[in-house]
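What follows is a set of structures to go through.
In the two complexes that follow, chain A is the common piece, with chain B as its partner first and chain C second.
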Partner chain A sequence: MKLLTLNFLTCAIKTCKSTPASFPLHPRDAELEIAETDLNLAFLKSILARLLWPELRTICSEFGLPTLPESRPEPADLVDPDSSEGEEESPSQTARDLHRVLLETCMREGKLVCGNCGHEYAVKEGVANFLLPAHLV
Partner chain B sequence: MAKIRGSDHIEKEIVMAEQHTFDSSDERRREEEAEAAGPQYEEKNVHEVYEAIAEHFSRTRYKPWPIVERFLLSQPPGSIGLDIGCGNGKYLSVVGRQQGVFIIGSDRSPSLTTIASTSHQEHDAIVADTLSLPHPAASFDFAICIAVIHHFSTRERRVAAVGEVLGVLLRKPGGTEGELERGAGRALIYVWALEQKNSRRGWDEGGEQDVMVPWVLTTPKPAQSRKEKKKPRQQHGNRGVEDKSMEMTNEDVDATVVDASSQIVNPPDASADTEKPKEAEKNTPQTYLRYYHLYRQGELEEDVVTAGGKVVESGYEKDNWWAIIEPGV
Partner chain C sequence: MLPTPSTTHVCFDRVYEPAEDSYLLLDTLSSPSEISFLHNRFPAPSTNDAHADSPAPLVLEVGVGSGVVLAFVAANAHTLFGRNDVLTLGTDLNRYACDAAAQTVRHAVTAPASSVNLDIVIADLATAIRPRSVDVFIFNPPYVPDELPDFSRHETYNTTTTMGKSAAFERDSYLLRLSYAGGEEGMVVTNRMLEQIPEILSSRGVGYLLLCAQNKPEEVKKTIRAWAPGWMAETVGTSGKKAGWEKLQIVRIWRDDTC
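This part shows the complex of A and B:
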């Protein structure tokens, strides 16, 4: 599971969803893996605005990953300033860092814990399971 | 779908349009059972079945339907979406980073989810229940929910499922400065229609809406008899694009269909009847019954409105009713 996905996941229990403490979920005993993939600069630029930046920074720091800049980069920050005019834009270091964090860093094993109710969701072989036991539905 | 794993399973098609023998007392019993224990009823009559047939089911699901494709391709770059009930993830291959779109698929079946997440690495997939989605409210630009809602066994649960889909959609023009101005998020929902005059299933207006649809699976013996080798049905193993028969259909073209209140299905096993008993036993096809609620005309729109949504566009395509919906005001 990609860290980008974690930016759109919260507790599955209805009474939790509306509480701020349920988002983002907290990793526990996490095993990460890097799955390399091609960087698509246009894609990164287009999803920038859809990221919940402070929460993404929290996720990164809880995984022990390098800290992301305090404020959300602008699309222009993702372009290497040395890209020569007329040529295809090349990604800046910020873009490469973001690509690595959002799309190449995957949670392979571990748990995701709700900060409100403490419920733990298992992640196995890269797939998180949000099915709830009957008494919590 | 690029990644199709080989398998020993072969599908046995039953071409038999069984008439529904609608019995009102049986039907009442089914309704009572479903209402008393919707989740347990669906666990046994939907989820366990998909889990058991996941691999085979997945190999027959590879061609996206045109309206779904059109809906996905119409999403502007920077759209984040959900594929609720993604199955093997066949719609996760329609759009990707090239189009600036990211999708999180979810399915109740861990086996199907694993297939989806390993075959469509541009996106992601999680195991989740449509009635308890683990997503923050009002966060997504779009959602698709294809061939899912008809598996809920009471109207209350079907409306709740539509409500859950509406709940994850963005509610108003949002986003930060400089972003393309967005309207509310939209979802495309597909359900199986009762009105299927042109299909071999024999359903039509006025018929029973709650039905059990079998999925028949056989596991052949390691060394197949000549008789079996000659059977044309093995084409399912790896159908090429030249076979158009599956691409527009929803599910199980040749399924035997029985009333949801019926308890037993005895699939005729033409291949085994001349085998020695021991061999025949090994090759007995297993029949899995899945529960479906067949939507009559107008019913999907009614459910959407009851769930608090607005129907933007709706229609009928190849045995299915579909609707593009958004959260109401």
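This part shows the complex of A and C:
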């Protein structure tokens, strides 16, 4: 599963959702893999506003990935300042880093843990399982 | 007519096979009136850097099954939304469906892509989705008035790959029953989902829900409109008209804050 997906997931237990501690879910014993994809600059610019930045930084450091900038980049920060005028924009290093983290880095195995209730959700063969035992629903 | 994604790789012994209901969703989502609605609701950023006003829309399909509907949206995102930055995400209870759907989406989206598929996760409805993050919600529920299956062996069925012939047959019939049986009036699962909709939809969010005649769609729409001022529910697609009764219909659910 892509790291970007974690920007949209939370603990499945109803009572956890109203507490800030239920997001983001925290990786444990994670095995990561890289699945290379084409970088789409317009797409990266467009998802910036959707990212919960401090939480994303937390997840990255918990995964042991390189630290992301302290504040959320602006769309302009994703464009290489050396791209010459009139030509198609080329991605900056920030854009490349973000692409690598959000879209190419995938969690293959491990657990996602709720910071509120401590429930662990398994990730197996890249697929996360959010089903709860019947007594927790 | 936009192309229907291929599902030839899917094992329909244990994953719901695309049927009239799936195709009604495809036809409705790509009808001129829904395309116009989606274009207006999610206008493409007017300038290169105006993304903050209308960021990438997130499409969530609950109960993806073969993935034919989500793959259709992912592959035709540019036509449906007029933009190239659509995010898709799916859930299903059935692990085999999750795997199949991921493959269906991967096959359907060809370069240059107008969407990015996040993942298909194993989940109960939208319970694991962060509140107010969904812009387009799609649900083809188990709507047949028929007894719900016994969930007690779900985990085993989802995780055990090797089992005897008769156990595998039981697993497969269980997984198929999950995909169509909706309990009393076919509404037990849909009612649970309806409770989650106001919580998961963003302020610009819109839902597409499939109902059959036995689900009493007029009552369902009335219930939605009574959630709070501004909630709207309209039938935007129908199929199988017989003697003035539609067999299946798609209800669009959204909030109009100008009311």
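The rule we apply is simple: the second predicted complex is superposed on the first by the 137 of 137 C-alpha atoms of A that agree within 3 Å, B and C clash if a C-alpha of one lies under 4 Å from a C-alpha of the other, contacts with A are read in each partner's own complex, and residues count from 1 in each chain.
Heads up, the rule we're going with is that contacts are C-beta pairs under 8 Å (C-beta built on N, C-alpha and C of every residue); 3 or more make two chains touch, one makes a residue touch a chain.
What you see is a predicted model, and the numbers here were worked out from it, not measured in a lab.
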For A:Ala42 in the superposed arrangement: first (chain B), second (chain C), both or neither? both
Considering only touches as defined above, state whether A:Ala76 meets chain B (first), chain C (second), both or neither. second
Which residues form the common part of the chain A surface touched by chain B and by chain C? 1-2, 4-5, 8-12, 14, 17, 23, 40, 42-43, 46-50, 74-75, 121, 127-132, 134, 137
Contact footprint of chain C on chain A as seen in their complex: 1-2, 4-5, 7-12, 14, 17, 23, 38, 40, 42-43, 45-50, 74-76, 103, 121, 127-132, 134, 137
Chain B - residues contacting chain A, complex: 39, 77-78, 80, 97-98, 100, 102, 104, 106, 108, 110, 113-114, 117, 121-122, 124-129, 131-137, 139-141, 175-176, 178-179
If you look only at chain C, which of its residues touch chain A in the complex? 45, 48-49, 51-52, 55-56, 58, 83-85, 87, 89, 91, 93, 95, 98-99, 111, 113, 116, 118-124, 127-131, 133, 151-152, 154-155, 158, 199
Note which residues of chain A are touching chain B in the complex, please. 1-2, 4-5, 8-14, 17-18, 23, 35, 37, 40, 42-43, 46-50, 74-75, 121, 125-132, 134, 137
